[in-house]
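Each remark here refers to the structure printed beneath this line.
A, B, C, D and E label the chains in the order they appear, each numbered from 1.
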């Protein structure tokens, strides 16, 4: 490797009490990559993202961002969409979306007034339409359906245009139509901003469609007496070519598995 | 129609304040049907399930169960898995699962002790293994990953063996492998118990794979001035034949849509 | 239908609400009647009529000595003290609560101290308080502050700590500074709970107001009760107690209304008491 | 790193915690020193040593008049009253709280009444309490109950109402009767919050205990404080206040520990104060 | 001592029959008139809680305070604050009493619970009453009861004996089953109500003493007269204490007011005062009120107008000084 990788993960492990969730995770990701992460539920994918965000610290090992140790706390250059969509319950849809802008513009209070506010609200009209929340702009999150909240959370993270974007099952609660729109939105911004994206998903097709690289997390060591003794690690790490018609031969098994689950009707 | 339908919905509408969510919903479902429900996010699918559960009452119209008006409150003959998986946070995995049994056996306190408790815990060993939570049986929900909580919620509802089962995006947070296992578990019980199932999903393939009938919710009337004035209704109501290779011709458009969203790789 | 799913109708609800109040008044009237049968001059449980007359006199007949309408004078003075005390306590609760709940170093330094402080029954150190704050209005206001603020601070800091960590992290990824997080996330999320803490804090505030007025004052609802207590003038005390309760009730409802108006998002979920 | 993400180290944390306590003691010692320079017999701010001696004497030297070890006698009697009062208040809070929070009809009937009741400052209606409960131990315990239970009931019922509706519905679909829901869902979900309500309720409980012991008694921490207040014996009062605070602190921590032991699931989330 | 001349003075008082004139002095402007005469200001502050008022005085917040001889000896004098009895206003002559429920003789108090404000003049009165029938505190049980709760306490069945003062006393005696079996007229001149002032302040600012004494005796003259003005003054005092003129006059009847300075001077100079101080000091010592450091009842010295001292002459903290009252008697103010 010539250039410094955007993110490098070196021999990271994470344990909760006696339980090892992740172990021996090694990874180098170049800038602009779109990594999709798949793996059994409960194997530590969300935990991995939380570490990339500095929400949790690895129990051992090291994570580097642009060659320097990861900052000890979340920073605006890494955006996140959590698995349980969390938006600000005290702000309306539009106020949730202009919040990042307000933080930038009003250094002290993080709150704009009058004209500035109006302008900020006008700026997001487009986004609101794209995510289909134009009619709900004045509603509070508690008045939205699950899928609507999730779209709001995604848009909120995207509007900040982070260098690294972490997505934890962002499209889980969306119907196919909306999901396709959101894919477009995300891919458009990814190309435009050269973001580095990590996205956890359970939808193998989605993983193949969006990713330039797929990371499979799995446990390879098992101790039947102590099921918590060993953690998961990255078992496959494959580049994806968008123009490919199907999954690479190494993942044929996985894809079949996916087919079984999402219907043999295709 | 000769026999009384299991559930019949007659001209039901639901409004929240000024906003019409559903209108003119009509439906008759025979016993043992597996209805999958699809539709844009925010169109009222969860609301529809909540009405079938008697958690909410229709603003107008009538719902009948076995020819009689729906009871005014949730009853044990209708099981539910909520969109935001809700299990009892104060009970461990195994105690969550034996709870329904305890309610049956100990009429007053709903709590078994000593032997009875042990026996109840033994009974669920199988289920625990099937849903892959054998190793987590003593954990509290807050210690589980999202997918694990969802599996627990599904198993909890299935163990009660309800006559009508309502599922709101039950498999959203599951990986393909686990998802296939859960499909099997569900289909097995459905056949065995002749349950009537309503399942909301965003995965069209899943809808085709599992359902005997698919209900599509959508808005057909729009007023651009007042986006909340009209609600969604059932726009397609089609029987599915499991042995079919693909979606019926009427739904070709939908299926294509689904393909776009879940990857063109298949 | 199960009793938990049955909502009383409007009429039933009003009737049910009125029931225990009516029962209390009835029980009182009976007890008073029988006591006065035994001793017509009994002062402990005066008749409702007698109390009504006294209350009327306090409210609308100018006092012979000063020419004041005592009830309104007392009410005004007490409410002023209560308002000042609750105002200071609220400001303290909000500022210290956010500090303790949000900043770990401040938490280490202040939380145990304030927790300890909140456990000191203020009435035991009255002489020291009076020396520190004099016997004027300040000491009365301060007694209210000392009696209510520590618990309010504690509950506000707990509420701040209960804000889901995800929201704070989200704000950080959106580029917020600590100040900005306080103003745009922590404060708005905490304010409705602060109103709740105020509603709960009003109960001890009234108690301390009355204690303070009983010790050093020449007006106020607590002063009047204290003054006539040595003659067991229950015909003054009981209407005053009802009046205090009514005032407290109105303030409580106003705060609830304020919360519903100002923080609609907070009340989208379940009901609140 | 932002101050909100920096956790003080173990040592820093201990130092920060000790700081305000040390400052308070230091400030006291200084104030006391200067007062006693002016008047060596000053009673208001006795020296630390003097207080230590008095405390030792109260704890270990039998009283001249009665031969009792006063501190332990007072402590035992007060804790007994506090325990009884809190016990009754807790039982009331749990039973009425569940009733009000869970059953709409009970809510209509009782919630406004108890809310109103909680706003009555109990000291104003002491004479009526005396007729109802006499002047013995009952009235002291009842004063504690009346002073703490209404607020506790209110907060427990609010907590019951805050249980996500989905959980209740889930229980219904699993075939639970109202009783079963109360015992298997509502109570377990509410208990940890009840412990919290108890911890908050202890603050007024101590205040009412001390007020109650000031009314008519022959022993107890509050009795002693009020008795020696007659001759401004701050060398007794201050150590007693510290002692009360210490007892209250220990009870508070024990309850927190109990909660962590008995309801581990409740403490899986964030920290608590 | 450090001579401190000052212009602004504060004295405090609490509601009691013999002290109501203090409130009236402030309200009527009489005090201001006399203060102006000496070119000073005197603020008379009402404190509802009697003990708190003495505590505040002892802590140095006030220059003077109305209290009984007993509390003057125990709190300020016992606390090292050199205190002078400036105006000896009255003594209780039936204003404090022992009341039994359903019993009529003092002897029958034996074995009962007696509700009273412990360590107060009521406690002292009880001790003297028991003494008079050859009993001691061991024969009864004292239950400390706050004065504010006394009437309500008496209404409960558990309470069978109380010792208290007016106006509570007359309210309780009015109950059908109550008998007053002993009162302070049995120990005349032992419970004395006094305006105490800080000795140092008085020494440095004699004008302060003159203004207080001058104002007080002017009002005494008005109050004792049967004129309209006197009635008006007494009515105002009655209402300030929460009763009416008849009620207040009834309380005055059991109070030996010294309406003229001459009477007060004569009483203060009488030899019985020394005897009373001995009783009081012994009572305080027996109850541990003089402090742990006190080796004997004579620990605190009390000086009388003739210069004689009861107790430790090196630790004189309470002084009966008639010089200011004599000035008033001689019209020298």
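The rule is simple: a residue touches a chain if its C-beta (ideal position, glycine included) is under 8 Å from a C-beta of that chain, and two chains touch if they have at least 3 such contacts.
Not measured: the values here are computed from a predicted model.
Listed by label, the chains that touch chain B and also chain D are A, C.
The fewest steps needed to get from chain A to chain D, moving only between touching chains, is 1.
Of all the chains, the one whose CA centre sits at the greatest distance from that of chain B is E. Put simply, the C-alpha centre of chain B and that of chain E have 83 angstrom between them. In this assembly, the C-alpha centroid of chain C lies 18 Å from the C-alpha centroid of chain D.
The geometric centre of chain B is 47 Å away from that of chain C, both derived from CA atoms. Within chain E, the positions touching two or more other chains are listed as 55, 59, 151-152, 155.
For chain A, residues touching at least two other chains, in rising order: 73, 84. Within chain D, the positions touching two or more other chains are listed as 2, 44, 127, 131, 165, 172, 177, 181, 229, 232.
Shown are all chain pairs that touch, namely A-B, A-C, A-D, B-C, B-D, C-D, C-E, D-E. Of all the residues in chain C, the ones that touch chain E in their complex are 39, 41, 43-44, 63-65, 126-127, 130-131, 134-135, 214-218, 223, 226-233. Of all the residues in chain C, the ones that touch chain A in their complex are 164-167, 169-177, 179-181, 183-185, 188-189, 263-266, 268-269. For chain D in complex with chain A, the residues that touch the partner chain are 1-2, 5. Of all the residues in chain A, the ones that touch chain D in their complex are 71-73.
Here chain A touches chain C in the complex through residues 53, 55, 73-76, 78-80, 82, 84, 86-91, 99-100, 102-104, 106-111, 140-143, 156-157, 160, 162, going by the rule given at the top.
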